[in-house]
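Listed next: structures, encoded as structure tokens.
You will see chain A twice below: alongside chain B first, and alongside chain C after that.
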Partner chain A sequence: MAAEPAYTVASDSETTGEEKSSSPLSEISIGIDIGTSQCSIAVWNGSQVEVLKNTRNQKLMRSYVTFKSDFPSGGVSNQLAHEYDMLTGATIFNMKRLIGRLDTDSVVHASKNLPFLVQTLNIGVRPFIAALVNNMWRSTTPEEVLAIFLIELRAMAEVQLKRPVRNVVLTIPVSFSRFQLSRIERACAMAGLHVLRLMPEPTAVALLYAQQQQQAVHENMGSGSEKNALIFNMGAGYCDVAVTATAGGVSQIKALAGFTLGGEDMLQNIMHHLLPEMDNLFSSHGIEEIRKIGLLRVATQDAIHKLSFQPSVQINVDLGNGIQICKVLDRNEFEAVNQKVFEKCASLIGQCLREAKVEVEDVNDVILVGGCSYIPKIKSILTSVCKRGELYAEMNPLEAAVCGAALEGAVASGINDPFGSLDLLTIQATPLNIGIRADGNSFVPIVQRNTTMPARRELIFTTVHDNQTEALIIVYEGDETVEETNHLLGYFKITGIPPAPKGIPEINVCMDIDASNVLRVFAGVIMPGAQHPAAPFMEVRMPTVDDGHGWCAEALHRTYGSTLDLITVQKKVQK
Partner chain B sequence: MASSIGSTFAGAAPSCARFKHHLHQPSRISAAHAAAGRTSTSTSHIAPQTSLYEVLGIPMGATCQEIKVAYRRLARVLHPDVASSHNTTRGSQDTSAAADEFMRVHKAYTTLSDPEKRADYDRTLFRLRRPAYVLSATNRGSGYYARRTWETDQCW
Partner chain C sequence: MPTSVISFYQPKFGQIHCPFFSNMSIPSHRTPHKGKAAAARCCQRRMDATLGEHDRNYYTLLGVSIDSTSQQIKEAYRKLQKKYHPDIAGQKGHDRALLMNEAYKVLMSRDMRRQYNASIGWFQNSFGKDASGVDYSVWNGPLRPQALFVDQNACIGCRECVYHARNTFTMDESLGCARVKVQYGDDETEIQVSVDLCPVNCIYWVDAEELQVLEYLIQPHPKKGYGIYGQGWERPTNVFMAAEAFKKQLKQQAANRQI
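And then the complex of A and B:
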């Protein structure tokens, strides 16, 4: 941190945009919203945010990459003759649901009936994914697929803006772990992009809202007093909620909540509803099965889209071998099949409001964005949970996140607007608890979720054995109380603890998150009465784990058990 | 008091030198900030005099609205995102100094914007002002107290 490094390493974990000090201010930054299903790109054009269009005049491009014998091509440049072309086995999509997940993850298991190959060994390693090229399964990784797609986006932006593009602000789901973020950064690095910020989707929307409020104040000479907004964003892959307090162009994120839940889940539920024995029928993943699963997928997707605008829909699909689906699906049935999805949406909203300590009556605007915002049930959940008749109507639900990201890109690269349109600031909050394993098998949070960033928190721990000379610091992120169900971020040992009875050495663990969301863990031991630490402190930038980290956690437990445990020092001053 | 954490680490480990370093940097904002930055590292007797009200630059009787306005005004200048773009050299040192200042302001804001915590704080403030209670960074015990206060002051 101290001085500008004389060299840069194109890196392993250091792929974040943190050391961005050397980049010239004039460099342009673009905002990218990589959705599970669709993707868009926007830029501050000097006076406002502009969503870029591809050569086919589309602002929204499908997020997929098709592998062919020569070179792969993605949804930016490619045009599908028909939706079915995406479902021949050669096309990988839903990268955002796969990236940074282990093969023990239920989301990965649900992805097994996508029309390409997803293999799992259920041991906590990266799943194997492959595309069908010339009747052979060619392996790839979610990072690689995403990188190919990002390269296309970058090329498209460079052609239109007539200048090189390097700096990006990407929107990400609230529920992404830091390990998943590091995979996104890796994909960006592979595509030659420099990540300025990874912005939780609803916070990007919050920034756009802050700008709109600011302009409204300028135009109407309004009060400019604080406004609370609840933002609900649901796309194909993820559902996110944020509560923000906005005044004077400053958007302060009060709370975030998110879950892996989206249109894809509804689609899968309906597919299973239409064809209950689907998983068995398609498990062999032969060419014929892939074609059938593709047919069913397209028909179901089409039906769900239609149900947003009409009360019922006729589904006719012939899967061959006597499997024929002829059915009228109405909204009630759709809503009943997806009841759990909608319940979860409502509970996320409630959770977010509670944690923001904002009463529903004090919410000024309720903003609904994302691909699922057209679903009538989602609208009705928002209006009923938030107790109001109307939702905020000043935003394009499919462009809000990418516009917010482009604004953040302009603000973070220090662009000034003479009319004050960029006098904006987002004060971010951490979406997940971060802590260490201590007190037996417990997860002890050090930075609580919804802590304003930048943040620095510390806790004191102590030894559990007499003359314990080493302690293992295992850092996790998540909302669970049992440490194993959280995301492992990394681990290291504190050594050289002077021999002492248990409970005497003070082991200080400090976590520092800077404004660009880089997490550093500092730890060391100080003996009571001593002015200096017994050994040099450790500074570890997290996450340090690699792909096989499901193995790591288990191996750590097996090898070290409780020998290097720690317990929390009880707070003596408790108010 | 937030910065006492920084000072613990500054004393503790050479690898954390950046904490120590930026604590000595004069604040760009107000006398109150500069004072807060310096006092917590060494000249500890002055520490109690930089109240959370002074950090926000507001009188003790400020209304909730005034506290919010003051917080936003300071955030607009001190938040690392803004601070770095106002400074063309954009050194990372500045960014972390800005982070420290912002965290101090935010801590003051979270305490004072919560009526219960504010009442508690006002009582502590009264006690702290008495000379018998001196926070001293030269012995470990003080850092300990500072930490405790800081710990219990988190409010989410």
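And then the complex of A and C:
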């Protein structure tokens, strides 16, 4: 039915070639901020960062793709006649919330009341997502939707810059797992884009902050000494916090924290508050239900936006069949319904400050960005947790991330600016622990979170059985102590361990993360006293798992049990 | 002896951090990794090999002096990152950035820095003062492989060296002989003149790593007495031999600890 897609699909491995742009100006990477609801694109134009506008003169474009006839079209070029057009079932949005998630994920389940089809089987595979085209459900994937959208963005940028665009710096949420990142890279590959960096959103903001501080020094306004900043970024889908130390144009990320939490959650909470039986009413996902859920969604969204600027708002929606909602929603009620969301925000800030080992009093600037920054309660949380009257006001909250990404794009492409405006650097930190399964069912981190990148860490393990000749290395990423609740990145087997009593062979596992966040795991066996390893070392690039990785871990358990287990060796460092 | 001396024989720079992978180059993603076996054999070769003589420790790597404050270390680290970070230098900056991150982490943490200092043979000044009143020399500028040492057994107290390099040597009036106050306190020609002019040739160039032991041993130590006889102060007649023995003893102690 659908015609050949208008893009080519490249393989994963092609996205990460060693093509360090050997730097004519045409190779400057552009910065793209793909938000759950809105998207923008910016580029270093030779003297400053310029946020590109689409043909309708918008800097911020809605992130969605409408599957109408033969060719899908996205929010870059397409003008919606009315907000309600977005809710006919033919439009897919919120792909950033869905990408790289399994159908057992609670975020996917919460997405079931979006006005398109999201089906789950709860078995750990990708959810079934479909758009209504000519009264037929046409299946798609978040990657495909994102790729279609990226193609439009790319075309728009190429027209304006009058040159081909290939390298991009994309901003991503802090809480994204490596598997999700690989899905983003995949979408970029499908759109013919090469990912130079995937940059956590608050670190992009931190880079912009570093540049502003640097300029202030040049204009003799700033002191030039080190400044700590706390960055809080909350959009429609994700909430991120970063603490950075900035001096001389170098932004050193001290700690990162993030969670899948945003305006979408508030929207869902309010919708459930207005219509408690919503999930039952709309569970059948017929055309009529989609229209109704769309009506409710638009009305609620509108109300939340208005609540940022006025104390109360009147909501009137007629959903037919005698369901009518007439209600005055005021700020207190809104805040009470979303109390958990706000509590989580406060706890994320606290966690980030603790892990950065920075006292609130030592934070020089508190920066609030993202679509949720207009919500009064978010502002008051930030001012109260960080104990200050004023927030940093030198940034456009909706453009800060994309500007930072464009700066990083220029810096990492090797562009120099005669006025020193690009004399910048971000020193990133790892957002999540990475480790392997060992000591029974435990997750043993090898690279702790908030380790400065590039990073390399190693740990020595040993066998648990006599004459064990093989060992399974299962690599996970996450913050939990039990291995099952973390993200599986991949697994491989070390073979050729010389037969020996348990505890004698030393199995050395080393993880290496480079500046573009590529993770390599090295593993090998060394017998005590031997000069050379017993078998060739292995180098494995992670993640290696693809879809359905929920099954893999179970299958490994079932098949191998504890026969290939490892335990950590007590460190031999004498104190 | 304070127990901290035990950590003298902690692994040296480069061994601390991933010895087995320390000089594996990071292959580009596309090119086939030709030397898996070769890379794995790197365990015996140290980071020194890849980085050259002057980068042998964290202080020289960051280009700071051994007594610099954390503020100075921070600034130096940032300045170097701007030169060597892979964002700027490309993939070839990876190994160096790794090392700098490790160095920064160690030197910014008070405990890890103390431990590291001990491992490269440098005690915090406080150790000398608090524990035994030993006068250690301090360093001017970055740590170098060679250091000056006066064998006070041989020194006749002629003051020739103090006269020619007054910022480097000082006269210990109570002992009647000279000692090094500041390593490289004067420029190299002045120092060389002092060394050459010493009438008994008691000024030696020694390994920086040896220096702490030598300076510790050359101080007069209380002598065990028998009844009223034999009490007083003594120092080893041949300080270099004594240093060898002392190190052996430490090694033994460390080994015993491990067991």
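One rule holds for everything that comes next: the second predicted complex is superposed on the first by the 548 of 575 C-alpha atoms of A that agree within 3 Å, B and C clash if a C-alpha of one lies under 4 Å from a C-alpha of the other, contacts with A are read in each partner's own complex, and residues count from 1 in each chain.
In the analysis below, a residue touches a chain if its C-beta (ideal position, glycine included) is under 8 Å from a C-beta of that chain, and two chains touch if they have at least 3 such contacts.
All figures in this text were calculated on a predicted structure; none of them were measured in a lab.
Trainee: Could you check whether chain B and chain C clash or fit when both are placed on chain A?
Mentor: Clash - chain B and chain C, as placed by superposing on chain A, overlap.
Trainee: For A:Ala247, is the partner it touches chain B (first), chain C (second), both, or none of the two (neither)?
Mentor: both
Trainee: After lining up the shared chain so the two structures overlap, which partner does A:Gly529 touch, if you call chain B first and chain C second: first, second, both or neither?
Mentor: first
Trainee: Would you check which partner chain A:Glu539 touches, where first means chain B only, second means chain C only, and both and neither mean what they say?
Mentor: A:Glu539: touches chain B and chain C.
Trainee: Is A:Arg558 touching anything from chain B or chain C once the two structures are fitted on A? First, second, both or neither.
Mentor: Touch status of A:Arg558: no partner.
Trainee: If we overlay the two complexes on their shared chain A, which of chain B and chain C does A:Ala412 touch? Say first, second, both or neither.
Mentor: both
Trainee: With both complexes superposed on chain A, which partner does A:Val518 reach: first (chain B), second (chain C), both or neither?
Mentor: Once the two structures are laid over each other on A, A:Val518 reaches chain C alone.
Trainee: Should A:Lys162 be classified as contacting the first partner (chain B), the second (chain C), both, or neither?
Mentor: Neither partner.
Trainee: Quick check for you: in the superposed arrangement, does A:Asn450 touch first (chain B), second (chain C), both or neither?
Mentor: first
Trainee: Would you please give the residues of chain A that touch chain B in one complex and also touch chain C in the other complex?
Mentor: The overlap between the chain B and chain C interfaces on chain A comprises residues 20, 226, 247-250, 252, 411-412, 414, 423, 425-427, 452, 454-458, 508, 510, 514-516, 522, 524, 526, 531-533, 536-539, 572-574.
Trainee: If we count contacts the way the header does, which residues on chain C are in touch with chain A in the complex?
Mentor: For this pair, the touching residues of chain C are 6-7, 10, 17-18, 20-21, 24, 26, 28-31, 33, 36-37, 39-41, 43-44, 74-75, 78-79, 81-82, 85-88, 90-91, 93-94, 97-98, 101, 104-105, 254, 257-258.
Trainee: Tell me, which parts of chain A touch chain B in their complex?
Mentor: 1-2, 4, 19-21, 25, 226, 247-250, 252, 355, 411-414, 423, 425-427, 448, 450-452, 454-460, 508, 510, 514-516, 522, 524, 526, 528-533, 536-539, 571-575
Trainee: Please give the residue numbers of chain B that touch chain A in the complex, ascending.
Mentor: Its residues touching chain A are 2, 5-6, 8-9, 11-18, 21, 68, 72, 75-76, 79-82, 84-86, 88-93, 95-96, 98-99, 102-103, 106, 110, 120, 140, 145, 147-149, 151-152, 154, 156.
Trainee: Within their complex, state which residues of chain A touch chain C.
Mentor: Per the stated touch rule, the residues are 13, 16-18, 20, 226, 247-250, 252, 408, 411-412, 414, 423, 425-427, 452-458, 508, 510, 512, 514-516, 518, 520, 522, 524, 526, 531-533, 536-539, 541, 572-574.
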